[in-house]
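Chain IDs A, B, C and D follow the sequence of writing; residue 1 opens each chain.
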Amino acid sequence: MFSYKRRVKYYETDRMGVVHHSNYLKIIEEARIKWCDDNIMKYSEMEKRGCIIPAASASENFLSYLRFDDPFRVEVELKKFQGIKMTFNYKIFNEDTEELCYTGESTHFFANDCGNERYLPYISFRKDFPDEYQKLKLLSSEV
Amino acid sequence: MFSYKRRVKYYETDRMGVVHHSNYLKIIEEARIKWCDDNIMKYSEMEKRGCIIPAASASENFLSYLRFDDPFRVEVELKKFQGIKMTFNYKIFNEDTEELCYTGESTHFFANDCGNERYLPYISFRKDFPDEYQKLKLLSSEV
Amino acid sequence: MFSYKRRVKYYETDRMGVVHHSNYLKIIEEARIKWCDDNIMKYSEMEKRGCIIPAASASENFLSYLRFDDPFRVEVELKKFQGIKMTFNYKIFNEDTEELCYTGESTHFFANDCGNERYLPYISFRKDFPDEYQKLKLLSSEV
Amino acid sequence: MFSYKRRVKYYETDRMGVVHHSNYLKIIEEARIKWCDDNIMKYSEMEKRGCIIPAASASENFLSYLRFDDPFRVEVELKKFQGIKMTFNYKIFNEDTEELCYTGESTHFFANDCGNERYLPYISFRKDFPDEYQKLKLLSSEV
(Lines give C-alpha, C1' and ligand atoms only; values in the text may rest on other atoms or scores of the structure.)
Protein backbone atom coordinates (compact mmCIF):
# COMPACT_ATOMS: atom_id res chain seq x y z
CA MET A 1 0.00 0.00 0.00
CA PHE A 2 1.42 3.34 -1.04
CA SER A 3 1.68 5.83 1.82
CA TYR A 4 2.73 9.44 2.27
CA LYS A 5 3.80 10.81 5.63
CA ARG A 6 4.38 14.14 7.29
CA ARG A 7 3.34 16.21 10.31
CA VAL A 8 0.60 18.82 10.67
CA LYS A 9 1.89 22.36 10.05
CA TYR A 10 1.03 25.17 12.43
CA TYR A 11 -0.74 27.17 9.73
CA GLU A 12 -2.98 24.23 8.84
CA THR A 13 -4.85 24.59 12.14
CA ASP A 14 -7.78 26.90 12.80
CA ARG A 15 -9.20 28.43 15.94
CA MET A 16 -10.78 25.11 16.92
CA GLY A 17 -7.18 23.95 17.38
CA VAL A 18 -7.54 21.25 14.74
CA VAL A 19 -6.62 21.00 11.04
CA HIS A 20 -9.10 23.13 9.08
CA HIS A 21 -11.16 20.65 7.05
CA SER A 22 -10.36 22.39 3.74
CA ASN A 23 -6.72 21.35 4.18
CA TYR A 24 -7.45 17.66 3.70
CA LEU A 25 -7.98 18.24 -0.02
CA LYS A 26 -4.50 19.78 -0.08
CA ILE A 27 -3.01 16.92 1.90
CA ILE A 28 -4.51 14.23 -0.35
CA GLU A 29 -3.33 16.23 -3.37
CA GLU A 30 0.24 16.05 -2.06
CA ALA A 31 -0.17 12.31 -1.51
CA ARG A 32 -1.79 11.70 -4.92
CA ILE A 33 0.92 13.64 -6.76
CA LYS A 34 3.59 11.61 -4.93
CA TRP A 35 1.70 8.44 -5.89
CA CYS A 36 1.67 9.58 -9.50
CA ASP A 37 5.39 10.52 -9.42
CA ASP A 38 6.29 7.07 -8.08
CA ASN A 39 3.91 4.90 -10.08
CA ILE A 40 3.10 6.58 -13.38
CA MET A 41 5.17 9.59 -14.35
CA LYS A 42 6.51 12.73 -12.75
CA TYR A 43 3.42 14.91 -12.41
CA SER A 44 5.31 18.11 -13.21
CA GLU A 45 6.59 16.42 -16.39
CA MET A 46 3.07 15.48 -17.38
CA GLU A 47 2.04 19.13 -17.08
CA LYS A 48 5.03 20.21 -19.17
CA ARG A 49 3.74 17.86 -21.88
CA GLY A 50 0.37 19.63 -21.77
CA CYS A 51 -1.75 17.37 -19.58
CA ILE A 52 -3.47 18.65 -16.45
CA ILE A 53 -5.56 16.48 -14.14
CA PRO A 54 -8.32 18.54 -12.47
CA ALA A 55 -10.68 17.23 -9.82
CA ALA A 56 -14.21 16.43 -10.99
CA SER A 57 -15.58 15.39 -7.61
CA ALA A 58 -14.59 14.53 -4.06
CA SER A 59 -16.18 13.15 -0.92
CA GLU A 60 -14.78 13.09 2.57
CA ASN A 61 -15.44 11.90 6.12
CA PHE A 62 -13.75 13.70 9.00
CA LEU A 63 -13.58 11.04 11.70
CA SER A 64 -11.18 12.28 14.35
CA TYR A 65 -9.04 15.38 14.59
CA LEU A 66 -5.44 16.06 13.78
CA ARG A 67 -3.71 18.82 15.72
CA PHE A 68 -0.48 20.77 15.28
CA ASP A 69 2.59 18.56 14.90
CA ASP A 70 0.63 15.29 14.84
CA PRO A 71 2.39 12.82 12.55
CA PHE A 72 0.07 11.28 9.97
CA ARG A 73 0.09 8.79 7.12
CA VAL A 74 -2.02 9.03 3.97
CA GLU A 75 -2.77 5.73 2.26
CA VAL A 76 -3.57 6.19 -1.42
CA GLU A 77 -5.19 3.66 -3.68
CA LEU A 78 -6.25 3.85 -7.31
CA LYS A 79 -9.83 2.64 -7.19
CA LYS A 80 -10.91 2.96 -10.80
CA PHE A 81 -9.44 3.94 -14.16
CA GLN A 82 -11.70 4.27 -17.18
CA GLY A 83 -9.32 5.83 -19.67
CA ILE A 84 -10.57 9.38 -19.38
CA LYS A 85 -11.13 9.47 -15.63
CA MET A 86 -9.66 7.93 -12.53
CA THR A 87 -10.81 7.62 -8.94
CA PHE A 88 -8.63 7.44 -5.83
CA ASN A 89 -9.36 6.32 -2.28
CA TYR A 90 -7.59 7.85 0.70
CA LYS A 91 -7.26 6.96 4.35
CA ILE A 92 -5.43 9.15 6.81
CA PHE A 93 -4.11 7.70 10.07
CA ASN A 94 -2.63 9.43 13.09
CA GLU A 95 0.78 7.77 13.29
CA ASP A 96 1.01 8.20 17.07
CA THR A 97 -2.26 6.48 17.84
CA GLU A 98 -3.09 4.61 14.60
CA GLU A 99 -6.55 6.14 14.74
CA LEU A 100 -8.27 6.53 11.39
CA CYS A 101 -8.82 10.30 11.00
CA TYR A 102 -10.19 10.60 7.52
CA THR A 103 -11.53 8.65 4.59
CA GLY A 104 -11.95 10.26 1.20
CA GLU A 105 -12.34 9.73 -2.50
CA SER A 106 -11.61 11.95 -5.48
CA THR A 107 -12.21 11.63 -9.21
CA HIS A 108 -10.03 13.33 -11.80
CA PHE A 109 -9.94 13.67 -15.54
CA PHE A 110 -7.22 14.33 -18.11
CA ALA A 111 -7.47 17.73 -19.74
CA ASN A 112 -5.36 20.21 -21.59
CA ASP A 113 -4.28 23.52 -20.26
CA CYS A 114 -6.01 25.93 -22.60
CA GLY A 115 -5.87 29.32 -20.98
CA ASN A 116 -9.27 30.94 -20.80
CA GLU A 117 -12.13 28.52 -20.96
CA ARG A 118 -14.54 27.66 -18.20
CA TYR A 119 -14.44 24.06 -19.28
CA LEU A 120 -11.11 22.32 -19.42
CA PRO A 121 -11.25 20.10 -22.51
CA TYR A 122 -10.60 16.37 -22.16
CA ILE A 123 -7.55 14.99 -23.91
CA SER A 124 -7.13 11.48 -25.23
CA PHE A 125 -4.85 10.16 -22.53
CA ARG A 126 -4.56 6.77 -24.25
CA LYS A 127 -3.18 8.34 -27.41
CA ASP A 128 -1.02 11.09 -25.90
CA PHE A 129 0.42 9.07 -23.01
CA PRO A 130 0.32 5.41 -24.12
CA ASP A 131 2.89 4.13 -21.60
CA GLU A 132 1.29 5.91 -18.68
CA TYR A 133 -2.09 4.68 -19.85
CA GLN A 134 -0.85 1.08 -19.64
CA LYS A 135 0.57 1.60 -16.17
CA LEU A 136 -2.72 3.00 -14.89
CA LYS A 137 -4.63 0.17 -16.59
CA LEU A 138 -2.43 -2.37 -14.87
CA LEU A 139 -2.60 -0.74 -11.44
CA SER A 140 -6.36 -0.39 -11.58
CA SER A 141 -6.91 -4.02 -12.50
CA GLU A 142 -4.91 -5.09 -9.48
CA VAL A 143 -7.15 -3.51 -6.93
CA MET B 1 -33.36 31.08 -1.38
CA PHE B 2 -30.48 32.39 0.74
CA SER B 3 -27.48 33.44 -1.30
CA TYR B 4 -24.00 34.75 -0.65
CA LYS B 5 -22.05 36.67 -3.27
CA ARG B 6 -18.53 37.80 -3.91
CA ARG B 7 -15.75 37.60 -6.50
CA VAL B 8 -12.84 35.17 -6.83
CA LYS B 9 -9.69 36.45 -5.11
CA TYR B 10 -6.35 36.34 -6.88
CA TYR B 11 -4.80 34.09 -4.22
CA GLU B 12 -7.62 31.54 -4.60
CA THR B 13 -6.34 30.54 -8.04
CA ASP B 14 -3.66 27.97 -8.74
CA ARG B 15 -1.31 27.40 -11.65
CA MET B 16 -4.15 25.94 -13.75
CA GLY B 17 -5.55 29.48 -13.67
CA VAL B 18 -8.74 28.38 -11.88
CA VAL B 19 -9.87 28.37 -8.25
CA HIS B 20 -7.98 25.61 -6.43
CA HIS B 21 -10.60 22.98 -5.56
CA SER B 22 -9.74 23.07 -1.83
CA ASN B 23 -11.03 26.64 -1.69
CA TYR B 24 -14.63 25.64 -2.28
CA LEU B 25 -14.84 24.28 1.26
CA LYS B 26 -13.73 27.71 2.44
CA ILE B 27 -16.23 29.48 0.21
CA ILE B 28 -19.17 27.35 1.37
CA GLU B 29 -18.02 27.87 4.98
CA GLU B 30 -18.28 31.65 4.47
CA ALA B 31 -21.73 31.20 2.99
CA ARG B 32 -22.91 28.78 5.70
CA ILE B 33 -21.72 31.08 8.50
CA LYS B 34 -23.56 33.98 6.87
CA TRP B 35 -26.66 31.78 6.60
CA CYS B 36 -26.33 30.94 10.27
CA ASP B 37 -25.80 34.61 11.25
CA ASP B 38 -28.93 35.62 9.36
CA ASN B 39 -31.22 32.72 10.19
CA ILE B 40 -30.24 31.24 13.54
CA MET B 41 -27.75 33.17 15.64
CA LYS B 42 -24.49 35.03 15.19
CA TYR B 43 -22.00 32.23 14.68
CA SER B 44 -19.26 34.02 16.62
CA GLU B 45 -21.73 34.43 19.51
CA MET B 46 -22.48 30.71 19.44
CA GLU B 47 -18.78 29.98 19.82
CA LYS B 48 -18.49 32.43 22.70
CA ARG B 49 -21.21 30.41 24.41
CA GLY B 50 -19.13 27.25 24.01
CA CYS B 51 -20.60 25.61 20.93
CA ILE B 52 -18.51 24.76 17.88
CA ILE B 53 -19.89 23.16 14.72
CA PRO B 54 -17.23 21.01 13.02
CA ALA B 55 -17.67 19.27 9.69
CA ALA B 56 -18.34 15.54 9.82
CA SER B 57 -18.45 14.95 6.08
CA ALA B 58 -18.62 16.70 2.74
CA SER B 59 -19.10 15.84 -0.91
CA GLU B 60 -18.54 18.03 -3.93
CA ASN B 61 -18.85 18.18 -7.68
CA PHE B 62 -16.65 20.58 -9.63
CA LEU B 63 -18.66 21.26 -12.77
CA SER B 64 -17.13 24.28 -14.43
CA TYR B 65 -14.30 26.56 -13.47
CA LEU B 66 -14.19 29.90 -11.76
CA ARG B 67 -11.28 32.19 -12.55
CA PHE B 68 -9.82 35.32 -10.96
CA ASP B 69 -12.38 38.09 -10.45
CA ASP B 70 -15.34 36.00 -11.60
CA PRO B 71 -18.43 37.04 -9.65
CA PHE B 72 -20.24 34.09 -8.08
CA ARG B 73 -23.29 33.30 -5.98
CA VAL B 74 -23.52 30.52 -3.41
CA GLU B 75 -27.01 29.22 -2.74
CA VAL B 76 -27.30 27.60 0.70
CA GLU B 77 -30.08 25.35 1.86
CA LEU B 78 -30.57 23.47 5.11
CA LYS B 79 -31.35 19.98 3.92
CA LYS B 80 -31.72 18.07 7.18
CA PHE B 81 -31.64 18.75 10.90
CA GLN B 82 -31.74 15.87 13.34
CA GLY B 83 -31.02 17.66 16.59
CA ILE B 84 -27.37 16.69 16.88
CA LYS B 85 -26.41 17.05 13.25
CA MET B 86 -27.38 19.13 10.27
CA THR B 87 -26.78 18.86 6.54
CA PHE B 88 -26.52 21.70 4.04
CA ASN B 89 -26.75 21.78 0.27
CA TYR B 90 -24.81 24.28 -1.81
CA LYS B 91 -24.88 25.42 -5.40
CA ILE B 92 -22.41 27.90 -6.80
CA PHE B 93 -23.25 29.89 -9.94
CA ASN B 94 -21.07 32.13 -12.05
CA GLU B 95 -23.00 35.39 -11.89
CA ASP B 96 -21.78 36.54 -15.31
CA THR B 97 -22.94 33.47 -17.18
CA GLU B 98 -25.38 31.81 -14.74
CA GLU B 99 -23.50 28.57 -15.26
CA LEU B 100 -23.67 26.11 -12.39
CA CYS B 101 -20.04 25.68 -11.25
CA TYR B 102 -20.35 23.54 -8.17
CA THR B 103 -22.74 21.41 -6.17
CA GLY B 104 -21.90 20.30 -2.67
CA GLU B 105 -23.17 19.02 0.61
CA SER B 106 -21.75 19.13 4.12
CA THR B 107 -22.81 17.64 7.44
CA HIS B 108 -21.96 19.24 10.78
CA PHE B 109 -22.45 18.44 14.43
CA PHE B 110 -22.66 20.51 17.60
CA ALA B 111 -19.70 20.04 19.91
CA ASN B 112 -17.93 21.78 22.72
CA ASP B 113 -14.56 23.31 22.50
CA CYS B 114 -12.54 21.18 24.88
CA GLY B 115 -8.94 21.91 24.16
CA ASN B 116 -6.93 18.76 23.63
CA GLU B 117 -9.02 15.79 22.59
CA ARG B 118 -8.98 14.07 19.25
CA TYR B 119 -12.73 13.72 19.44
CA LEU B 120 -14.78 16.83 19.88
CA PRO B 121 -17.61 15.84 22.25
CA TYR B 122 -21.21 16.36 21.17
CA ILE B 123 -23.27 18.84 23.18
CA SER B 124 -27.01 18.76 23.66
CA PHE B 125 -27.92 21.54 21.30
CA ARG B 126 -31.62 21.24 22.20
CA LYS B 127 -30.92 21.91 25.87
CA ASP B 128 -28.16 24.50 25.56
CA PHE B 129 -29.63 26.48 22.66
CA PRO B 130 -33.43 25.92 22.80
CA ASP B 131 -34.39 28.96 20.67
CA GLU B 132 -31.85 28.20 18.00
CA TYR B 133 -32.94 24.56 18.06
CA GLN B 134 -36.51 25.61 17.28
CA LYS B 135 -35.41 27.86 14.43
CA LEU B 136 -33.41 25.04 12.84
CA LYS B 137 -36.32 22.64 13.34
CA LEU B 138 -38.63 25.05 11.59
CA LEU B 139 -36.29 25.77 8.72
CA SER B 140 -35.57 22.10 8.11
CA SER B 141 -39.24 21.18 8.00
CA GLU B 142 -39.82 23.78 5.33
CA VAL B 143 -37.48 22.30 2.80
CA MET C 1 -8.29 57.85 1.72
CA PHE C 2 -9.19 54.66 -0.13
CA SER C 3 -10.39 51.90 2.15
CA TYR C 4 -11.46 48.29 1.81
CA LYS C 5 -13.65 46.58 4.39
CA ARG C 6 -14.70 43.12 5.37
CA ARG C 7 -14.76 40.70 8.32
CA VAL C 8 -12.28 38.01 9.36
CA LYS C 9 -13.18 34.58 7.94
CA TYR C 10 -13.18 31.51 10.15
CA TYR C 11 -10.53 29.78 8.05
CA GLU C 12 -8.17 32.76 8.36
CA THR C 13 -7.58 32.01 12.05
CA ASP C 14 -5.03 29.60 13.46
CA ARG C 15 -4.79 27.68 16.72
CA MET C 16 -3.75 30.86 18.56
CA GLY C 17 -7.29 32.03 17.82
CA VAL C 18 -6.08 35.01 15.77
CA VAL C 19 -5.62 35.65 12.04
CA HIS C 20 -2.57 33.70 10.87
CA HIS C 21 0.04 36.33 10.01
CA SER C 22 0.52 34.98 6.47
CA ASN C 23 -3.06 36.04 5.67
CA TYR C 24 -2.29 39.74 5.88
CA LEU C 25 -0.47 39.56 2.56
CA LYS C 26 -3.66 38.11 1.10
CA ILE C 27 -5.81 40.77 2.71
CA ILE C 28 -3.67 43.65 1.45
CA GLU C 29 -3.65 42.01 -1.99
CA GLU C 30 -7.46 42.12 -2.03
CA ALA C 31 -7.35 45.76 -0.98
CA ARG C 32 -4.64 46.71 -3.49
CA ILE C 33 -6.49 45.03 -6.38
CA LYS C 34 -9.66 46.90 -5.39
CA TRP C 35 -7.63 50.12 -5.27
CA CYS C 36 -6.29 49.37 -8.74
CA ASP C 37 -9.77 48.50 -10.09
CA ASP C 38 -11.16 51.79 -8.80
CA ASN C 39 -8.25 54.11 -9.57
CA ILE C 40 -6.30 52.78 -12.51
CA MET C 41 -7.82 49.94 -14.47
CA LYS C 42 -9.59 46.68 -13.83
CA TYR C 43 -6.77 44.43 -12.62
CA SER C 44 -8.18 41.36 -14.39
CA GLU C 45 -8.27 43.40 -17.61
CA MET C 46 -4.64 44.38 -17.17
CA GLU C 47 -3.71 40.71 -16.94
CA LYS C 48 -5.74 39.89 -20.04
CA ARG C 49 -3.62 42.49 -21.84
CA GLY C 50 -0.47 40.65 -20.74
CA CYS C 51 0.68 42.62 -17.72
CA ILE C 52 1.20 40.98 -14.33
CA ILE C 53 2.29 42.86 -11.22
CA PRO C 54 4.29 40.58 -8.90
CA ALA C 55 5.54 41.56 -5.45
CA ALA C 56 9.23 42.41 -5.20
CA SER C 57 9.31 43.06 -1.46
CA ALA C 58 7.09 43.56 1.58
CA SER C 59 7.42 44.55 5.20
CA GLU C 60 4.85 44.27 7.95
CA ASN C 61 4.19 45.06 11.60
CA PHE C 62 1.62 43.00 13.48
CA LEU C 63 0.43 45.35 16.21
CA SER C 64 -2.73 43.89 17.68
CA TYR C 65 -4.74 40.83 16.80
CA LEU C 66 -7.80 40.31 14.70
CA ARG C 67 -10.05 37.39 15.58
CA PHE C 68 -12.87 35.55 13.81
CA ASP C 69 -15.65 37.85 12.59
CA ASP C 70 -13.87 41.07 13.59
CA PRO C 71 -14.74 43.81 11.11
CA PHE C 72 -11.69 45.56 9.70
CA ARG C 73 -10.74 48.34 7.33
CA VAL C 74 -7.64 48.41 5.14
CA GLU C 75 -6.40 51.86 4.17
CA VAL C 76 -4.34 51.78 0.98
CA GLU C 77 -2.05 54.52 -0.25
CA LEU C 78 0.23 54.68 -3.27
CA LYS C 79 3.51 55.81 -1.76
CA LYS C 80 5.81 55.85 -4.77
CA PHE C 81 5.65 55.25 -8.51
CA GLN C 82 8.84 55.21 -10.52
CA GLY C 83 7.54 53.97 -13.86
CA ILE C 84 8.67 50.37 -13.53
CA LYS C 85 7.87 49.89 -9.86
CA MET C 86 5.36 51.12 -7.35
CA THR C 87 5.14 51.01 -3.57
CA PHE C 88 2.00 50.91 -1.44
CA ASN C 89 1.41 51.64 2.24
CA TYR C 90 -1.29 49.83 4.21
CA LYS C 91 -2.93 50.33 7.57
CA ILE C 92 -5.48 47.91 8.97
CA PHE C 93 -7.90 49.04 11.68
CA ASN C 94 -10.31 47.01 13.76
CA GLU C 95 -13.61 48.71 12.90
CA ASP C 96 -15.17 47.89 16.27
CA THR C 97 -12.43 49.45 18.36
CA GLU C 98 -10.55 51.65 15.84
CA GLU C 99 -7.33 50.04 17.05
CA LEU C 100 -4.51 49.98 14.51
CA CYS C 101 -3.79 46.27 13.95
CA TYR C 102 -1.26 46.31 11.17
CA THR C 103 1.02 48.54 9.14
CA GLY C 104 2.66 47.31 5.98
CA GLU C 105 4.32 48.21 2.74
CA SER C 106 4.76 46.34 -0.53
CA THR C 107 6.63 47.03 -3.74
CA HIS C 108 5.54 45.66 -7.10
CA PHE C 109 6.83 45.72 -10.65
CA PHE C 110 5.21 45.39 -14.07
CA ALA C 111 6.10 42.18 -15.87
CA ASN C 112 4.84 39.95 -18.59
CA ASP C 113 3.44 36.55 -18.10
CA CYS C 114 5.96 34.35 -19.89
CA GLY C 115 5.27 30.85 -18.77
CA ASN C 116 8.41 29.13 -17.60
CA GLU C 117 11.11 31.50 -16.48
CA ARG C 118 12.36 32.02 -12.96
CA TYR C 119 12.59 35.72 -13.61
CA LEU C 120 9.49 37.51 -14.74
CA PRO C 121 10.66 40.05 -17.34
CA TYR C 122 9.85 43.73 -16.84
CA ILE C 123 7.58 45.35 -19.42
CA SER C 124 7.57 48.99 -20.41
CA PHE C 125 4.46 50.05 -18.57
CA ARG C 126 4.75 53.60 -19.91
CA LYS C 127 4.61 52.39 -23.50
CA ASP C 128 2.11 49.56 -23.18
CA PHE C 129 -0.31 51.29 -20.79
CA PRO C 130 0.10 55.06 -21.38
CA ASP C 131 -3.21 56.11 -19.82
CA GLU C 132 -2.74 54.00 -16.72
CA TYR C 133 0.83 55.26 -16.47
CA GLN C 134 -0.47 58.85 -16.33
CA LYS C 135 -3.03 58.00 -13.66
CA LEU C 136 -0.37 56.40 -11.46
CA LYS C 137 1.95 59.35 -12.05
CA LEU C 138 -0.75 61.73 -10.96
CA LEU C 139 -1.79 59.75 -7.90
CA SER C 140 1.78 59.33 -6.73
CA SER C 141 2.54 63.04 -7.02
CA GLU C 142 -0.42 63.80 -4.80
CA VAL C 143 0.78 61.88 -1.80
CA MET D 1 23.99 26.45 8.99
CA PHE D 2 20.59 24.98 9.78
CA SER D 3 18.53 24.21 6.71
CA TYR D 4 15.06 22.91 5.92
CA LYS D 5 14.22 21.31 2.59
CA ARG D 6 11.18 20.34 0.62
CA ARG D 7 9.51 20.85 -2.76
CA VAL D 8 6.85 23.37 -3.84
CA LYS D 9 3.31 21.97 -3.52
CA TYR D 10 0.82 22.35 -6.33
CA TYR D 11 -1.61 24.34 -4.17
CA GLU D 12 1.10 26.84 -3.24
CA THR D 13 1.13 28.23 -6.78
CA ASP D 14 -1.18 30.91 -8.12
CA ARG D 15 -2.35 31.83 -11.62
CA MET D 16 1.03 33.47 -12.37
CA GLY D 17 2.39 29.91 -12.17
CA VAL D 18 4.69 30.75 -9.26
CA VAL D 19 4.44 30.34 -5.48
CA HIS D 20 1.98 32.93 -4.17
CA HIS D 21 4.06 35.38 -2.15
CA SER D 22 1.92 34.92 0.99
CA ASN D 23 3.15 31.33 1.19
CA TYR D 24 6.71 32.32 2.04
CA LEU D 25 5.61 33.29 5.55
CA LYS D 26 4.21 29.77 5.88
CA ILE D 27 7.38 28.20 4.52
CA ILE D 28 9.68 30.14 6.87
CA GLU D 29 7.33 29.25 9.74
CA GLU D 30 7.82 25.55 8.97
CA ALA D 31 11.58 26.10 8.87
CA ARG D 32 11.65 28.19 12.08
CA ILE D 33 9.59 25.61 14.00
CA LYS D 34 11.94 22.87 12.83
CA TRP D 35 14.90 25.04 13.93
CA CYS D 36 13.26 25.48 17.32
CA ASP D 37 12.50 21.74 17.63
CA ASP D 38 16.11 20.87 16.88
CA ASN D 39 17.90 23.62 18.79
CA ILE D 40 15.75 24.76 21.69
CA MET D 41 12.72 22.66 22.55
CA LYS D 42 9.89 20.91 20.78
CA TYR D 43 7.67 23.81 19.71
CA SER D 44 4.47 21.86 20.35
CA GLU D 45 5.74 21.10 23.86
CA MET D 46 6.39 24.80 24.48
CA GLU D 47 2.79 25.54 23.58
CA LYS D 48 1.54 22.79 25.88
CA ARG D 49 3.44 24.57 28.67
CA GLY D 50 1.58 27.80 27.90
CA CYS D 51 4.01 29.73 25.73
CA ILE D 52 3.11 30.95 22.25
CA ILE D 53 5.50 32.84 19.98
CA PRO D 54 3.59 35.24 17.69
CA ALA D 55 5.15 37.31 14.92
CA ALA D 56 5.66 40.99 15.70
CA SER D 57 7.08 41.98 12.33
CA ALA D 58 8.46 40.58 9.08
CA SER D 59 10.20 41.83 5.96
CA GLU D 60 10.80 39.99 2.73
CA ASN D 61 12.45 40.24 -0.68
CA PHE D 62 11.11 38.10 -3.51
CA LEU D 63 14.12 37.71 -5.79
CA SER D 64 13.37 34.91 -8.20
CA TYR D 65 10.42 32.60 -8.56
CA LEU D 66 9.78 29.10 -7.37
CA ARG D 67 7.38 26.97 -9.38
CA PHE D 68 5.51 23.72 -8.77
CA ASP D 69 7.76 20.86 -7.69
CA ASP D 70 10.92 22.99 -7.48
CA PRO D 71 13.13 21.70 -4.66
CA PHE D 72 14.20 24.42 -2.24
CA ARG D 73 16.27 24.91 0.88
CA VAL D 74 15.52 27.42 3.65
CA GLU D 75 18.52 28.57 5.65
CA VAL D 76 17.52 29.80 9.11
CA GLU D 77 19.67 31.86 11.43
CA LEU D 78 18.92 33.37 14.83
CA LYS D 79 20.00 36.95 14.39
CA LYS D 80 19.14 38.50 17.74
CA PHE D 81 17.76 37.41 21.10
CA GLN D 82 16.93 40.02 23.71
CA GLY D 83 15.13 37.92 26.29
CA ILE D 84 11.62 38.91 25.34
CA LYS D 85 12.02 38.98 21.59
CA MET D 86 14.03 37.20 18.94
CA THR D 87 14.78 37.87 15.30
CA PHE D 88 15.49 35.33 12.58
CA ASN D 89 17.05 35.64 9.14
CA TYR D 90 16.02 33.43 6.26
CA LYS D 91 17.40 32.66 2.84
CA ILE D 92 15.64 30.39 0.38
CA PHE D 93 17.59 28.75 -2.45
CA ASN D 94 16.34 26.79 -5.43
CA GLU D 95 18.14 23.48 -4.94
CA ASP D 96 18.26 22.73 -8.67
CA THR D 97 19.95 25.95 -9.66
CA GLU D 98 21.33 27.31 -6.34
CA GLU D 99 19.68 30.63 -7.17
CA LEU D 100 18.77 32.75 -4.17
CA CYS D 101 14.97 33.13 -4.35
CA TYR D 102 14.12 34.92 -1.17
CA THR D 103 15.60 36.76 1.79
CA GLY D 104 13.54 37.54 4.84
CA GLU D 105 13.53 38.42 8.49
CA SER D 106 10.95 37.97 11.22
CA THR D 107 10.72 39.07 14.85
CA HIS D 108 8.77 37.14 17.47
CA PHE D 109 7.92 37.53 21.13
CA PHE D 110 7.01 35.13 23.92
CA ALA D 111 3.41 35.40 25.06
CA ASN D 112 0.79 33.41 26.84
CA ASP D 113 -2.27 31.99 25.28
CA CYS D 114 -5.05 33.89 27.00
CA GLY D 115 -8.14 33.31 24.94
CA ASN D 116 -9.88 36.54 24.09
CA GLU D 117 -7.64 39.55 24.19
CA ARG D 118 -6.48 41.61 21.26
CA TYR D 119 -3.06 41.88 22.81
CA LEU D 120 -1.23 38.69 23.64
CA PRO D 121 0.54 39.36 26.96
CA TYR D 122 4.30 38.89 27.19
CA ILE D 123 5.55 36.16 29.51
CA SER D 124 8.88 36.14 31.31
CA PHE D 125 10.64 33.59 29.13
CA ARG D 126 13.78 33.75 31.31
CA LYS D 127 11.83 32.71 34.40
CA ASP D 128 9.42 30.21 32.87
CA PHE D 129 11.85 28.52 30.48
CA PRO D 130 15.34 28.97 32.04
CA ASP D 131 17.06 26.17 30.08
CA GLU D 132 15.61 27.25 26.77
CA TYR D 133 16.54 30.84 27.60
CA GLN D 134 20.19 29.81 28.03
CA LYS D 135 20.21 27.91 24.75
CA LEU D 136 18.86 30.93 22.86
CA LYS D 137 21.35 33.20 24.63
CA LEU D 138 24.19 30.95 23.58
CA LEU D 139 23.03 30.58 19.99
CA SER D 140 22.51 34.30 19.56
CA SER D 141 25.96 35.15 20.88
CA GLU D 142 27.51 32.83 18.32
CA VAL D 143 26.21 34.62 15.30
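What we mean here is this: a residue touches a chain if its C-beta (ideal position, glycine included) is under 8 Å from a C-beta of that chain, and two chains touch if they have at least 3 such contacts.
Note that this is a predicted model, so its numbers are computed, not measured.
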Chain pair among B-C, A-C or C-D whose interface repeats that of A-B, sharing over half of the contact pairs by residue number: C-D
Chain whose average C-alpha position is farthest from chain B's own: D
Intercentroid distance (Cα basis), chain D paired with chain A, Å: 29
Centroid spacing, where centroids are CA-atom means, of chain B and chain D in whole angstrom: 33
Sequence positions of chain D contacting 2 or more other chains: 10-11, 17, 22, 26, 29, 67-68
Residue ranges of chain B in contact with chain A within the complex: 16-18, 21-23, 25-26, 29, 52, 54-62, 64-65, 67, 94, 97, 99, 113, 115-120
For the chain C and chain A complex, residues of the former touching the latter: 10-11, 13-15, 17, 20, 22, 67-68
Residues of chain B defined as touching chain C within the complex: 9-11, 26, 29-30, 33, 42-44, 47, 68-69
